[in-house]
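The following blocks contain the structures, represented as structure tokens.
Two complexes come next, and they have one chain in common, subunit A, joined by subunit B in the first and subunit C in the second.
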Partner chain A sequence: MNEQPVIRTQGLTRYFGARPAVYELDLAVPRGGVFALLGRNGSGKTTTIRMLLGLLEPTRGAGTILGYDIRALPPEARARIGYLTEEHQLYGWMSVRECGEFQSPYYPTWNEKVFRGIIGHFGLRPTTQVKSLSRGERAGLCLALTLAPEPELLILDDPAVGLDPVARRSLVESMIYLTRRSDRTIFFSTHQLPDVERVADHIAVLDHSVLRACCPLETFRNSVQQVRLRFPSAPPPLPKIPGLLQAFRSEGELRVTCVHYNGATEAALRALAPAQMEPVPLSLEDAFISYLGDRGEKSFILSETEAQP
Partner chain B sequence: MKALVRKEFREQVKVAALGLVIYTLLLLQQYRNYRLLPHATMQPLVDGGFLMSTAWFCALFGAVLGWLQIHSERRPDLWAFLMHRPITRTGIFLGKTVAGLGIYALVAGLPLLGFIVWARLPGRVVAPFEPAMLQPVLAFFLAGTVCYFAGMLTGLRQARWYASRALGLGVAIIVFTLMAERPEFWQGLVIICIGGAILILAAWGGFHSQGHYGGQPAWGKASLTGALMLGSLVVVFAAVVLLSNFFPRREAAGPQFSYAMTKTGAVFKVTTGMGRPPEVVDLEGKPLLDAKTGRMIELADLRRQFASGIDFNLEPDERNRRQSWIRADCSRFRGWGATPATNPNTVWYYWDRYGRLAGYDLVTRRFIGSLGPRGFARDLAGGGDRFSNPMGDRRERTLRTATTVFLVDVEQRTTRPLFATPEDDPILAVQEIVLNGYDWEYTAVVTKRFIHLLTGEGKPVWSIPYEPAYPDYARIQVYFLEPPGQFALWIAPSDRAKEQAKGKLPTHVVWLARDQGVVKSADLPGLPAARPEPGVQDKLMGCVAPPAFVVAGPLFEGGDWPTGIRRDLLRLSLAGAVLVCLPIGWWLGRRYRFSLAAQAGWAVFHLLFGVAGLLAFLSVQEWPAREACPNCRKLRVVDRAQCEHCGADFAPPEKTGTEVFTPLEAG
Partner chain C sequence: MNFNLGISTGSSTPIYRQITEQVRLAVATGRLAVGDQLPSVRALAEELVLNPNTVARAYTDLAREGLLESRAGRGVFVTRKRKVFTREEGRRRLEPLLDGLIGEAMAMDFTQEDLRAAFEKKLAQWKQTRGGDRNHE
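Moving on, here comes the complex of A and B:
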């Protein structure tokens, strides 16, 4: 296994006008496996991918992809990188076969079997024109065009956006198929957390243009924990708790979600003298929503809510 | 690249088909216009309508095609799909360009070729043809490729000022204008090549940076800046022309003097300008009074008393020196006349290349022969005998060689000598004189040593020595006075001689009578030339004109721009560049922390190109945001790793305590 990261950035930053879309991004994507880039809309995922592929000039900072400077990617680097765009846009007048014929001459490693296999998997007829394909079918065609060159690194920009569950499942299956080769890396941005849960080894989380997490998926899942505290009466005010993400206050109950839950956190919570204190299992989606949701304390006590102006 | 070329061809096939139909229809309209005229005496290949149709079509189709080739992929994801393929950006640019130019060549070239072939088939066009006549249409066809790259650049460019995306089209406008005005065809081609090279490099650079200025190769940046500067120049000049309509035109400084001759042969000196009514005095300085009112005569009343006359301007090459090559190529022959009364009907042209009249049969539409000084011949060369009339010499009955004026009869296909002169006294000019509007009364012939007035039949009326002599005295006027049979001959210095003598050369005037010869003569003192001063429009133009062009302009124009105006314009132009453009450019450069080399480079650019340069500078630069440095609290630009004031790095993102990072492990 090669220890050199396939993608590495240092202080990568991009401004649009006076607003930073990506700020001081230090990212390292290990070779092999599936790396998911997560974040809310507008957090900078697509901007990051475009900068990585040399399609957008960074405002400052540097980066390499497969060892090449992202500001000057040579054709041989692009030949090793498959890129699936967010909108799955293709030339509407082309047929499925023509799309393949347009793409294949550029790639010496083009695998026609893979191309046919994927378009077959998505039920696409070679003579169908792109403009008459559904969004899911277009995504399948794009995936086929991206996978047929058998790229070493596959970058997918929110590949499942707008797809129905069946198409999404097909897409994920294709990604799993692709990772059968251990030296192949998939770097994808998405909102679909179940997909991430199924295929990703590592995740990175962008929050308001800033990288807040970059770790193996399990590490992230284990880092975010929720604890339910029950009280005989209204829960007491919450003290300052390190790593607090969210706290939901309701009648006789306080649910606290923290990152890096440890002994200090537990001690701080026990100091509130709850009648009962128990951990709540979190799915990745819950953990992610807690991580990227509004920070701080929220109250569901109706009397308190009504009392607010 | 083949796949890309095929894709581009396929993608633009509808536009190509539409263009093909439109241009074919335009040319069919030209064909129809020609066929509908039963006695069409023109060469359709140099016809104004044909050339204008071709120029407009090539320009518009080229620009639209170039723009569409980019616009159809302008959606970010589709553009990314195209750009992310294992081929250099130069390769993608070439693929698109090869396809685009191929389509352009097919759409504009095929109908054009068909039209040319039709015009060249024997029995189709009743007019002379020379390969050089194809030069104008070839130039317009080639200039259309400049528009193609201008359209491509417009589609590519990403800019803060949306309208500045179209500034590249200004280069195409300049190319079309300059190319058509140059005196030589090769100069037109050079202008097309220069304009094309600027736009090609600018478009090529745009492919490297997705249309932004930043991230382009140096050649791309320089060309883009040059293209936008030229485009800005077109916009600024158009704005000045519009604005200057509200101001008076250029006026001469000080009074303007001239002489006038009345029908009775009296000479008066007329003074105009200075915002005063014109003053008319005789040669002794007495004012000319109106007999009815007793007041000074009005200029309009005096004009009614002016004698009619003819004017020879023999200034060497003056008439042809500034003629554009397009005009020259479209004037390689001119219609001489037709013979509708005879059978067969014929039409005749004076063909400069052969110095002979070429005749065509209007029925068979074929060449029938040529007419030279020695008479009719079945071919164009004849016996090698040829007339020597310049093309601008508009005669209807006579043609001349160096020593003989011939009366030409195309009905009889004969020539007859009307006037002859020795070889050492060659003919300089001939004019047929029609005084009452329709009857050919006289022929004036100027030879190197004499000036002759002949009757229409060639009988001498008078002949006097040409003194003062040619070439210093190159302006000759013959006035026909009353009662008939009285004449006046003015021999005036050429403009060049006047300028050299600082206006001190006199004008020689001779009064003649039909039977008496010279009656009297006089020398009129030279008059001071009016010195034109720049008007408001000139001053506005001067303020916005690039100093580099003000200096270099006269070199292209032949160096005869009035010195005073040029100096004034240069002064204004430099003032605009130094006082406005340079400080603004310098301030912006400092604000956004340009390197010293960049500051100096832009300063030179602003000095050379003034307002247009400043606009180009503002169009290409995308100013980085500025934010307060956490170390020194000063505003610093965000596109540098360190603060330009204190050298501090950018602060890492503020920690929230919720970060989850682990050291990198291989997957």
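Moving on, here comes the complex of A and C:
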């Protein structure tokens, strides 16, 4: 990836009072593809997005978006970015069609076909009034209004929140539709790991205001590994294992989850002389929960090279 | 062609591997024959609601194994069937399958003789419907 990232931050930090909401964030989002920002509630996802869009002043640090300084985003930069929040402002008395007609003059790149396509995809009728739309339908309308100008960079802050499974699927399909143009980038925050599995190329993981992973999705999955060790009797006490995230002990069995599992990890486990030792494949959800669990060692997953055993 | 791909999220198998495993199995069992066409990356991505890069990655892996071939402007086809695994790798993969089968059968109180007979019967059925030793080119 020689090209300049569409989003890059260095030491980006924001305090609310004495508490950092985002601390020393170094993020790089490559151009093209889908990038998911993950983390538990209150981990700093929304604060990050608001700083990237120039809606919130960083306490310190720097960032660029499409090459522009986030502290001084010119209107031409904003015009190339689509931003979808939960609190999209819509007038209740307008019809769906009128919402499009109201917005389109502001965007020279407005694509009416995209607008109608997404409206139809969410099952919306152009004549329905905004005030009588369900939550999922409203989300569909907001998405159509955000996508119709065909933004170069689409930023979605938790777009799946409150959507039923059908509307959520329509959302994911719309995101996939956008990837038809390989120069388009989607950056979205979410708790929906099934959606992440479907659409994301890269992920970043925020944990208590600190970035703990920024890598291809596959790298993350490969980095978090679980091993099951069987013993003829009670398992011995666990020595210090590098990258240990979790250890479950039961009669004759020890299940150990580690990050950056490598030869050294394996040697340390083999030294316990288990009768049997086998890897246990983890789902993305299990890997994520282990990684963010409070018990283990805090690590950082950065790039492909670091994750190789 | 009698072949439908299905994927599931939340599995311990990454999605691109779910695709490669299903295609491999379909080729091995004859549900996909040499010359059959598969959907394009874009079409399959939209059908399964996936990032096209995921499908592309699966197709690339399968092409590297010699199972699929992408013909410019025409699509993706099943190519001449090759041995997917070395003999050794095949044995390594067969082992846990056999363990699983025998373990389950023992748990259901089948004797070794019962199991052997059932296995022979099944082999004979496969030979009839699929022509038997397909794996030898």
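Quick note on the criterion: the second predicted complex is superposed on the first by the 284 of 309 C-alpha atoms of A that agree within 3 Å, B and C clash if a C-alpha of one lies under 4 Å from a C-alpha of the other, contacts with A are read in each partner's own complex, and residues count from 1 in each chain.
By our rule, a residue touches a chain if its C-beta (ideal position, glycine included) is under 8 Å from a C-beta of that chain, and two chains touch if they have at least 3 such contacts.
This one's a predicted model, so the numbers in the text were calculated from it and none came from an experiment.
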Which superposed partner A:Arg221 touches (first subunit B, second subunit C, both, neither): second
Which superposed partner A:Asp201 touches (first subunit B, second subunit C, both, neither): both
Greater residue coverage of subunit A in the superposed arrangement, subunit B or subunit C: B
Which superposed partner A:Leu272 touches (first subunit B, second subunit C, both, neither): neither
Touching partner for A:Gly33 - first (subunit B), second (subunit C), both, neither: both
First (subunit B), second (subunit C), both or neither touched by A:Glu285: second
Which of subunit B and subunit C A:Val259 touches, first, second, both or neither: first
Partner chain(s) touched by A:Leu238 [first = subunit B, second = subunit C, both, neither]: neither
Touched partner set for A:Val172, first subunit B, second subunit C, both or neither: second
Common interface residues of subunit A - those touching subunit B in one complex and subunit C in the other: 33-34, 201
Parts of subunit C lying in touch with subunit A, wherever the complex brings them together: 9-15, 42, 45-46, 49-54
Partner subunit A, residues of subunit B touching it in the complex: 2-3, 6-7, 10-11, 75, 77-81, 83-88, 91, 209-210, 212, 214-215, 624-625, 627, 638-641, 650, 652-653, 656-662, 664-667
Interface residues, subunit A side, partner subunit B - complex: 1-3, 5, 11, 13, 15, 17-20, 23-24, 28, 30-35, 50, 53, 55-57, 59-61, 71, 74-76, 78-79, 81, 83, 85-91, 93-94, 101-103, 105-107, 185, 201-202, 205, 210-216, 219-220, 223-224, 242-243, 245, 259-260, 291, 295
In the complex, subunit A residues that touch subunit C: 33-34, 169, 172-173, 176-177, 179-180, 193-194, 197-201, 218, 221, 280-286
